[in-house]
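Below you'll find a set of structures to go through.
In the two complexes that follow, chain A is the common piece, with chain B as its partner first and chain C second.
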Partner chain A sequence: MKVTSEPLLSIKGLKTSFHTHDGTITAVDGVDFDVFAGETLGLVGESGCGKSVTALSVLRLLNPSMTTIRGRVDFNGKNLLDLDPEEMRMIRGSTISMIFQEPMTSLNPILTVGEQIAESLRLHEKLDNKKAWKKAIHMLEIVQIPSPEIRAGQYPHKLSGGMRQRVMIAMALSCNPCLIFADEPTTALDVTIQAQIIRLLEHLKKGSNTSIVLITHDLGVVAQMASRVVVMYAGRVVEEAPVVELFHDARHPYTRGLLKSIPVITQDKKTRLNEIPGIVPNLLYMPKGCSFHPRCSEAMDICKKESPPMIHLKKNRRVACWLTSDDYGEN
Partner chain B sequence: MNNIYINTKNNDIEPDEDVKSSSGRGWAKLKRNKAALMGGIFLLIYIGCALGAPILFRGDPSAPNLMDSLSPPCAKYFLGTDELGRSILGRILYGSRVSLMIAVGVVGVGLLFGVPIGLISGYYRGKTDFIIQRFTDMMLAFPGFLLALALVAILGVGLENTVISIGISMVPLYIRLVRGCVLTIREEVYVKAARAIGTKDRHIILRHILPNVLAPITVQTSLGMGTAILFAAGLGFLGIGVQPPTPEWGSMLGSARAYMMGKPHVATFPGIAIFLAVLSFNLLGDGLRDAFDPRSKI
Partner chain C sequence: MPVLEVENLKKYYPVRKGFFQKTINHVKAVDGVSFRLNAGETLGLVGESGCGKTTVGRSILRLTQPTGGKVFFKGKDLGKMDKETLRKTRTSLQIIFQDPFSSLNPRMNVGQIIAEPIKNYETLSRHDIMQRVAELMNRVGLRPAQMGRYPHEFSGGQRQRIGIARALAVKPDVIICDEAVSALDVSIQAQIINLLKDLQEEMNLAYLFIAHDLSVVEYISHRVAVMYLGRIVELAPDRNLYKNPLHPYTKALLSAVPIPDPLVNPEQEIVLSGDVPSPLDPPEGCTFHPRCPMSMNKCRTRPVYREIEPDHWIACHLYP
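What follows is the complex of A and B.
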């Protein structure tokens, strides 16, 4: 893997707030992480912890009249949050793409799949209709859809979920982006198809220097694909680690809880699956101190009062927890 | 397209040859709906009358012939004559041209302004939407016919002004309808996905959103044509619509008012013509709605 020291995408202090009738909800609260060229970064957390909102904020796909995005998103030497809408539109699809989690609804039912792939080619690569169509067929071939010429002329309802996700991947890849946000690309698919899609993504990544930010709550997928993992909880980064270290030596009680709640096939049927008690806090009423303390089995007094600092243990290894802070002193 | 079975080693393929597209299912439903079918047949007859009026009736429908005035239906005058001795059949046939022109024109005006404004209002939301919607509220505060009347008062009488007035009075309905549909469709993942690959707003509106709102627009168009004929007849009846001697159903009714007791046929036949034309559009419109409304399960 070609990982350079200069990050491709650098998110610093990203803070996304939604203005609702009940008040302002901060869904992403001071997130920072880097993505290097050619790597696969796992972005992990429970539903509602701000993973998808982080991706949508980077691509600026949230409705600007209802959201405020602050912080910096440096990409190719430019802060994406400062670009005007037209410049941002040109980046979407050509250098940064996104794959959504619902393959059944992410294709327009009234356009053929070929047309939908050709759309971004005409737009970004300025191909004429005929060339765009040819390339669209070629893209379907790349994502291993059989009989691509026939499939390109079909409407989405003729395709199964797995095929539609392949089409989505073809759309995302069509202009050779440097970065792809894959938002739960396998969640809506059944297990065998999940494995196929993951193998496909890995295969495609090998052939290019594309970075993937894999947003998921499925740690199995992360273990298979990602080289580095960022764990999020309630809109904040709680831990970051290379994938092997995370699975062997998770520092944050939340990460440990997530790892424990993976079902093991050899487990005795009568043993209950481990779970993290409680639910993600309501973003309108965040607990004081560490946002995880009400659910944490190891919570101490200080956790209820002050939110923990981010402790950088070494390169690509950081954790926000008072437990670690005690081990390492206050430095 | 013929059913194509693809021989494949991948197991994530479901050849689903039985699945018809939603519009295909819609047409099948429409064909089963007898009322809608009847509406469609009436409509074809109506359009046939409008197109074939010069063949079906020879002579000038506006030329008076006072010798035969107010003649009851007979062999020479199949539906009788009016107070100026003009054949009622001829005037109804030629009147169908006028009313069809009005129906098409009115809906054309409604679509021309209502659809783009509705698309913009629903897609961009925010201040644009707010201003457009308050303006629409204002127009909808008047009953449609009253608004058309007021506009005629400003613009003046005649065929063109009738079309423009009724057309404008229908614009807010289209704005509301289209905006409502756009609000749901713009939240679809495929719209987000299209934006995620950098598609231009104009392109998203025209290629991704507009085709998905065509079904409700079609229904509203059919029902709107019925309403347009009724409104035009209303204006004609009041004497401020299409002016004589142009044969127009509403003004025919209006001038027949005086002979209602003694010569009821003078008012009856144009009345039936209006009734059937409006009925055909409404039956067809209802049928279309049932066929294309995803919630109806006929």
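What follows is the complex of A and C.
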């Protein structure tokens, strides 16, 4: 995999707030990261940490009347957050596309799957009906759906979960995007089907220079697919590292706790699982200082008072924790 | 003596069609499942969606009437019990559900939810009941002061703790955990798994742990049964099953679990092609044969489920 120094997508200080009856909730609070051409970036964290909202904000799929998005999202020399809705519509689905978690709810139940793929081809690639339909069948073939000519004419309810996810992938790939946000693409699937989809995504990636931002809570899937990982907690990035370093030399107590709390089949002895005590804070009542400190076993006085700075250890390696700050002095 | 014994359990759902609602076919959700569960033991039941694992749990408790087969609790046949005896036996057999959001009555507060089974089965004074509820809440890691709160005020993990307290309220011997930790985030999942293990040690509980996550099942179980399309294909002590799986389906299932370590290369991953066939029209013989990389002619006849080495059961023609 070649990674050029210029990022394909660069998110800077992204801040997304929702206006609710109970007050304003900041679901994403100053997130920055880059995505380079041809790489798979894992974006991990538990429910409510803001990983999906980050993707939805970048693609501007959130209702503007209820949300405020600040910061910059640079892509191809443009700030996506400044584009007017029509310009954004032309990017969405063509150069940047998205695969959603729930293939049951994100496909249109009253259109055949072929039509759903053809729709974006007519819009973005300006193909006529016949050509678009042909390409749609070809896309179904690429994602290894058996007898694509028949399947293209069927409605989503006729397809199994794994097949629907393949259709979603076919849709996402149909206009040769350079970036795909895959939001929990295998979470709703059984393990044997998950293995098929992971293989498929890897196979498709090999043949192109497409980047994938893989959003998931499943550390197993991240370990298998991603080359670099960004860990989020309560709306913020807490750690970023190349995949091997993250799994073997995690710096943030949250990342370490997360890794130790999953049961692993290859473990020889069954030791007691590590628990991260407590629960994720309510975004309405965020704790002062580091948002992880109430659950952190290594919390110090300063963690309760001030939120930790982002410490860049080296390229693609950063951590937001006071512990690291001490280790590395002025870094 | 095993605390729970299941013999050739079957549950067929009729498929009806037409004006007279004639039964035209059956979905064989559970098709001849047998196993034993010992006191203080955890038996894991794994399989993919639609393999019938949940139906096994529900048929044991007679939340759905099984079509055939027997279930013995401490040697007594649940199917032959009269209503009152069955009702009383139910105190010993409890269940924890997957979805902590829909399995708690939103109109009852936590105290009422946990007290309900106690009131159903025992005659205790109000004060005694409340005391018992408080003890249970303490035990599962909830503050008794939260007794007056309603389910929606709790997080997913806390709701699962409420479900556990409710199951424990009548001092059961067996708890069926139906995907009890599947809906939870990993950090919370670890909390609940540890709690279940502690409770087991303390009260000598037996768990039938139904789940689709193999790493979780391996971690918590003493023995594991693998189901495919309504049948158990392999049952073995956990270490044995994971180190030396014999059935091709078990092998494929295990190799498909992504290992959370980028340095570990998935050794000879077996990627199965195709989907699980519809249980409406399952393949003849061994139901796994159309997807099986090792399938032979013989596989068109149903393999016998038998013990091929001590405590290792398998249904496969590869092992004569």
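We adopt the following convention: the second predicted complex is superposed on the first by the 321 of 331 C-alpha atoms of A that agree within 3 Å, B and C clash if a C-alpha of one lies under 4 Å from a C-alpha of the other, contacts with A are read in each partner's own complex, and residues count from 1 in each chain.
One rule holds in what follows: contacts are C-beta pairs under 8 Å (C-beta built on N, C-alpha and C of every residue); 3 or more make two chains touch, one makes a residue touch a chain.
Note that the structure is a prediction, hence the values are computed from the model and not measured.
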Exercise. Does the superposition put A:Lys78 against chain B (first), chain C (second), both, or neither?
Worked result: neither
For this session: Please work out whether A:Gly220 is in contact with chain B alone, chain C alone, both, or neither, and reply first, second, both or neither.
Result: second
Exercise. Touching A:Phe247, do we find chain B (first), chain C (second), both, or neither?
Worked result: second
Exercise. When the two structures are overlaid on chain A, which partner does A:His312 contact: first (chain B), second (chain C), both, or neither?
Worked result: neither
Exercise. Regarding the shared-chain residue A:Arg92, is it in contact with chain B (first), chain C (second), both, or neither?
Worked result: first
For this session: Report for A:Glu119: first if it touches chain B alone, second if chain C alone, otherwise both or neither.
Result: first
Exercise. After superposition on the shared chain, which partner residues are touched by A:Gly162: those of chain B (first), chain C (second), both, or neither?
Worked result: both
Exercise. Just chain B (first), just chain C (second), both, or neither: which does A:Ile262 touch?
Worked result: second
For this session: Considering only the touch criterion stated at the top, classify A:Pro109 as touching first (chain B), second (chain C), both, or neither.
Result: first
Exercise. Hey, what residues of chain A end up touching chain B and chain C alike?
Worked result: 160-163, 192-193, 196
For this session: Can you check the complex and tell me which residues of chain A touch chain B?
Result: 59, 61, 63, 65, 89-94, 97-98, 100, 102, 105-111, 119-120, 123-124, 144, 146-147, 150, 155, 157-163, 168, 171-172, 174-175, 192-193, 196
Problem set entry | Complex contacts: residues of chain C adjacent to chain A | 48-49, 155, 157-158, 185-191, 193-194, 197, 212, 214-216, 218-220, 242, 252-264, 266, 269, 271-273, 275-276
For this session: Would you pull the chain B residues touching chain A in the complex into a rising list?
Result: 4, 6, 8-14, 16, 19, 21-22, 125-126, 188-190, 192-200, 203, 207-208, 211-212
Problem set entry | chain A to chain C touching residues, read off their complex | 46-47, 160-163, 190-196, 198-199, 217-224, 243-244, 247-248, 257-259, 261-266, 270, 272-277, 279-280
